[in-house]
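Presented sequentially are two complexes of subunit A, the first with subunit B as partner and the second with subunit C.
Then we have the complex of A and B:
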């Protein structure tokens, strides 16, 4: 049966074509139309990438042997032989597994992107490729994973391919006190503002439909230069604001090669907190009028395990919070309202064993930072840096209050925090719309 | 004899009369030019101030920290400052034209020197202004970075950055207008060198334990690793 040629050129704006190299376009032309596109952007990930490619190929062969698929590996100029590792992993394993499974089509396409620009350019290439190849489902994997299994691919792709969802966010099985920035700020803020209960709004393993890829490609806000992982916050919020069907899937524990890939706290807040605040500006016409909050469908199996908590030096967090509030008063007074600043200053005077950063105060603090970001109260990078000490205080308080709590109790407390964010949404809207 | 005295006096009086007759119109012209200049400058100032307020000119600078920087320096808002500067530029121009109308050669030379210095003076003012803005921006960045890095004295670091940038800007400005060019340069080099040497001595002798701690952290000892471990789990 002749292979259908991809829809090159005429369906893609000229500007999009210019950033795709001739070699990449000719590789895509050779591939033809596909059902599943898997994207694996890499940058010096030789140690882990082979295992991930294997898991992806086994997942494709095991769960989608009849679907035409392509693995695209945009590489940011790796110097450690990552590309060779991808090549080495793909061909022999692919043939070995293929012998037992009637896989229809499987391609591996490699491309180059400017590594310094981070994920943005790699994602643009993947969106364009998905659009050109007419992919029905696309899945993204981060290249530093150590815990990936073939089942992850199925968990991410199935809701798109079989159930017609547009965006599948991951749900990881986390240790207690792991991912506190997500749980204390990103998840509840998106939940309150955008009205979707997505647990991991910046998860790096996601799936999306072909039509959502086309939307991402054409959306003006894509042209924003979101640094690093900020692009993932944009993808999630853009799908929500665009009215696409969002769901989530249980993946299991996420273990990454953290020594190299973990962001330090300042960078994480700058990249992802900043991206989220910027997304709120881009989507303000959507979320300001949005009422209520809806649960999204969750697929897969959720194991109930109470894993050991991660180790965080609570005392150091507390000390850095106190120092921050003491030293940054002149900066915080431009960002926070006088009532909130006074309340924060008040709790910073408490002794460590009596210290508590209450939910409502924390929610107001985050809302006021978001609003001040919107109003450019001070330089935006400085504003995000000023959030870090306050977040440390919140973390210290949260760990202290839940030191003896089990996983369920911690989850219940996080639900209460999210509800507090929702309750205070009118306050966010009022601060956001306030004339300065 | 008497006739000679009277003739000389008459001559002197005639000369004075001629000088006054020649100078008076010029003085009057100068006074008129200065007064008219003041009125014109005042009208321009008022109109400009209104226009800038209507155009919400100050708001353009609020987010950039300029308004704050001006208020810290006890200076008026950007629109007020521009109005006043324009007033003075217009009025001083009229005054110079008026003084020139007197026709005094020595004064004309001084005015010519002053006018030739004016562009340099404006450039020097701009250097100080932008130096002040840069000092504010970078001192705040240093303060935030020091707080987030858990440095022992964030304010000291921030103040030091501000002081250095202002010192540099003022030195550049003074050098620009040629005021004690050599003295300023030598003073800057001496004070900068003295600060650096003082810091080196203080850090090397007085703060050797702190230095050791910082170096140990920098070289990746256990404490640093713990911090890294903590930070790795927030996302």
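Then we have the complex of A and C:
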């Protein structure tokens, strides 16, 4: 268990809290210096984790047979036998898989983290491990995907190991209308503010360099508890703001084991949207003066499979939007400018078949929520809750307008949205800097 | 020509060391070529009188047996493995009397002598082959393997891929093809012919009568050919071995046979039979994995191969080695492992030959004393009788530009004087040029200089061998791996009765800490074997050790 380091008086004036357990350190000591560290945080993922562990190990043996590597599994206290499943994961005969045996010992290190504190704690352990072991490249995987293959590992690690990139964000092959929060809010907001065109800025399959891991570990902002998946938004934006080399890599379809594992919308906006707004505060000295927007290198092979669209109840979204605007008027008044609020109220009166939440209005809405979060116009949790019905309106509108559009057309529309965010960045800066 | 008309002359029986009939299990073997060791007559070529003059050195080194590379009359197209007279001495190396003198002096010093028995093939200059090719009716015709076509035994692999295109060669004299698994100038003998077996037994008797202690049998897996097989490791080959072993045991019960069978352990195992074939066989796959483990800094390759190594009969032993007169063979590794070895140890393509690396130990280890010590430490502590290649005990270098494997066969470097003390000849007359570069040249690396320093590699090797011989757990004990979490540390227990030795090797270039689970030895005191210092008593908790880069410990575990 984590414990306080005893104070040794003046001899160690900067004694710090130790947060790695003795057993974890002992396991890391046994592994020693590594080239590749793979992190797989788990929490009740028994049904999928074995397959993912095997995919990672095969990926390491297949693509990096000579590199020293370790797979670290921080577990948040699973009750369903996840740890046992990780331990039991094995490939009895690699020759049957790869027609070759691994040259090196395959290391799998298991450790516990306080699951209630979310991924933040697991990531902190992994950053510390990467720092301690001198890892050159680190990759993270989520434990609930059915679609992970050994190739994902190579796609993520190669740009770091072979091309000197510091952060590799994933590019998933998404089903149409899947990941709309990312595409309508997170991606265009980061793109406009931070100036990088990263398609999946909060992807859970991500790679980073050892030096970035050390930076993450030492960055004071890490000490904040970004809830849940918010830590991934922090990683991406911190790398951008820190001037690290960012790129992305095609992975493939992201098919989760169960929709049950997906966050409900309120939680997603709370965790990820909140984290992103907070990151904008932390990095404001960077992004406010940032001019323009650059594409980042994208590695790998882009799949063209057209997947079935995600089914979303557009009508229900529309109704929840209208109800929200109607009931949250007094809260929205404190968050949005009068012009924006009026425009939102206006569109909420439209009949469903005429309903549209236009790009510029949506971008302004998001910017004003971010600025109000910054100015603490109201309690921040309440602010994020108020964003949810407006987002539902935007999604309902987007689906309606693109119901018959093909994948390429949808992509073109999303590009236009992102450009609208970029065009309106001065508005964001002005709102952000406005005295309250 | 048969033995009655050979150049041998009468055989004189010499007194031999009295010892345990299982002496080979405790042996530390020193491999050398008379040509390369010491030249007594100033002709530029080492010889038996010269070797005799250096026996004090060999004895002082602490080894217990000398393995002589082929010294028979030969055209020398393959380092003497192309024999043209099995019972003679190549005149360049001396006479049979010189050999007898050498053998007697070696035995007087308690040193056993092992010679080469190249039975798979002869030179094409051997009188047997000359007779066999002279006509299809010649009585010796059936001593070799002939065919009117070159499509028999299709698919059998070619061993010397760099030089041979086929295992068949056309004989223009008898207008037929002859079979050869190695060079085309080395026709294979036909062991289906009982006369060949009898003749080989006569050869063995000749040398055994003189007092030779053992035979290293060359190219064992290839003795017999059968259609539709790989022509390797055939049951009929085992019959030949059993035949020779039976005869040897009956007449010379304390002599031994050592197999050269470059095969996987599971395929070598049958050559021990039920203790009625070979006494010893080289463990070829272990060797490259020791090199691999040190480069990978991971014990996995060594443990993997040792775990694949089957038990052998009680009266048998493995022969283990780091380097020898051939290339560092990479036949018994996977393609990935071979690529890795080439990339790590033979970036210069000139170092690659056939499926191997033609380099000596010191250059392979970048002349890093700590790595040299670690490798030799493992060699002396893993199961088997270790074989040292001449010159490696002083860290001699090589010269890959001499062609074939000659780069690892250069003259022994005795001192920094004329021709390294090897020969009084003009340097141009030496059979191979001496190494003269500033790092490995004889002015830098030589016996005389290292004798003067108690800290030299030579002095250290003597200590290593002495300590190795102080415990029979090394030579006859079983091995059990201690597998600590730290994979850079390779630890094992060698145990024979109450004699227990703990070996801990750091395969890494950096310092390592390791916790060893030694609960079963709770209460024992580890005594470091080189200095005799006791270490803290083993308790119920994991035993913590720290090791410097490439450092190793040998502890005798005492219950005191």
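Couple of notes before you dig in:
Assume the second predicted complex is superposed on the first by the 405 of 436 C-alpha atoms of A that agree within 3 Å, B and C clash if a C-alpha of one lies under 4 Å from a C-alpha of the other, contacts with A are read in each partner's own complex, and residues count from 1 in each chain.
One rule holds for everything that comes next: contacts are C-beta pairs under 8 Å (C-beta built on N, C-alpha and C of every residue); 3 or more make two chains touch, one makes a residue touch a chain.
This one's a predicted model, so the numbers in the text were calculated from it and none came from an experiment.
Three-chain overlay on subunit A, with subunit B and subunit C fitting side by side and no clash. Centred on subunit A, the angle reaching out to subunit B and subunit C in the chain A superposition, using CA centres, is 140 degrees in steps of 10. Comparing subunit B with subunit C, the partner in contact with more residues of subunit A is B.
When the two structures are aligned on the shared chain, A:416 is found in touch with neither subunit B nor subunit C. Of the two partner chains placed around the shared chain by superposition, subunit B is the only one that A:272 touches, whereas subunit C remains out of contact. Contacts of A:33 after superposition: subunit C is touched, whereas subunit B is not reached.
In the superposition on chain A, contact is made by A:107 with subunit C only, not with subunit B. In the superposition on chain A, A:403 contacts neither subunit B nor subunit C. In the superposed model, A:255 lies in contact with neither subunit B nor subunit C. After overlaying the two complexes on the shared chain, residue contacts for A:65 are found with subunit C alone; subunit B is out of touch.
With chain A used as the common frame, subunit B approaches subunit C to a shortest CA-CA distance of 40 Å. On the subunit C side of its complex with subunit A, the touching residues are 292, 296-301, 304, 334-337, 340, 484-488, 508, 510, 512-515. On subunit A, the positions that touch subunit B within their shared complex are 175, 177-182, 202, 229, 258, 262-266, 268, 272, 310-313, 316-317, 319-320, 323-324, 327-328, 331, 334, 375-379, 381-382, 385-386, 388-389, 395, 436.
Of all residues in subunit A, only 26-27, 29-33, 65-66, 68, 100-105, 107 touch subunit C in the complex they form. Those residues of subunit B lying in contact with subunit A across their complex are 62-63, 65, 68, 137, 140-141, 143-145, 147-148, 150, 154-155, 226-235.
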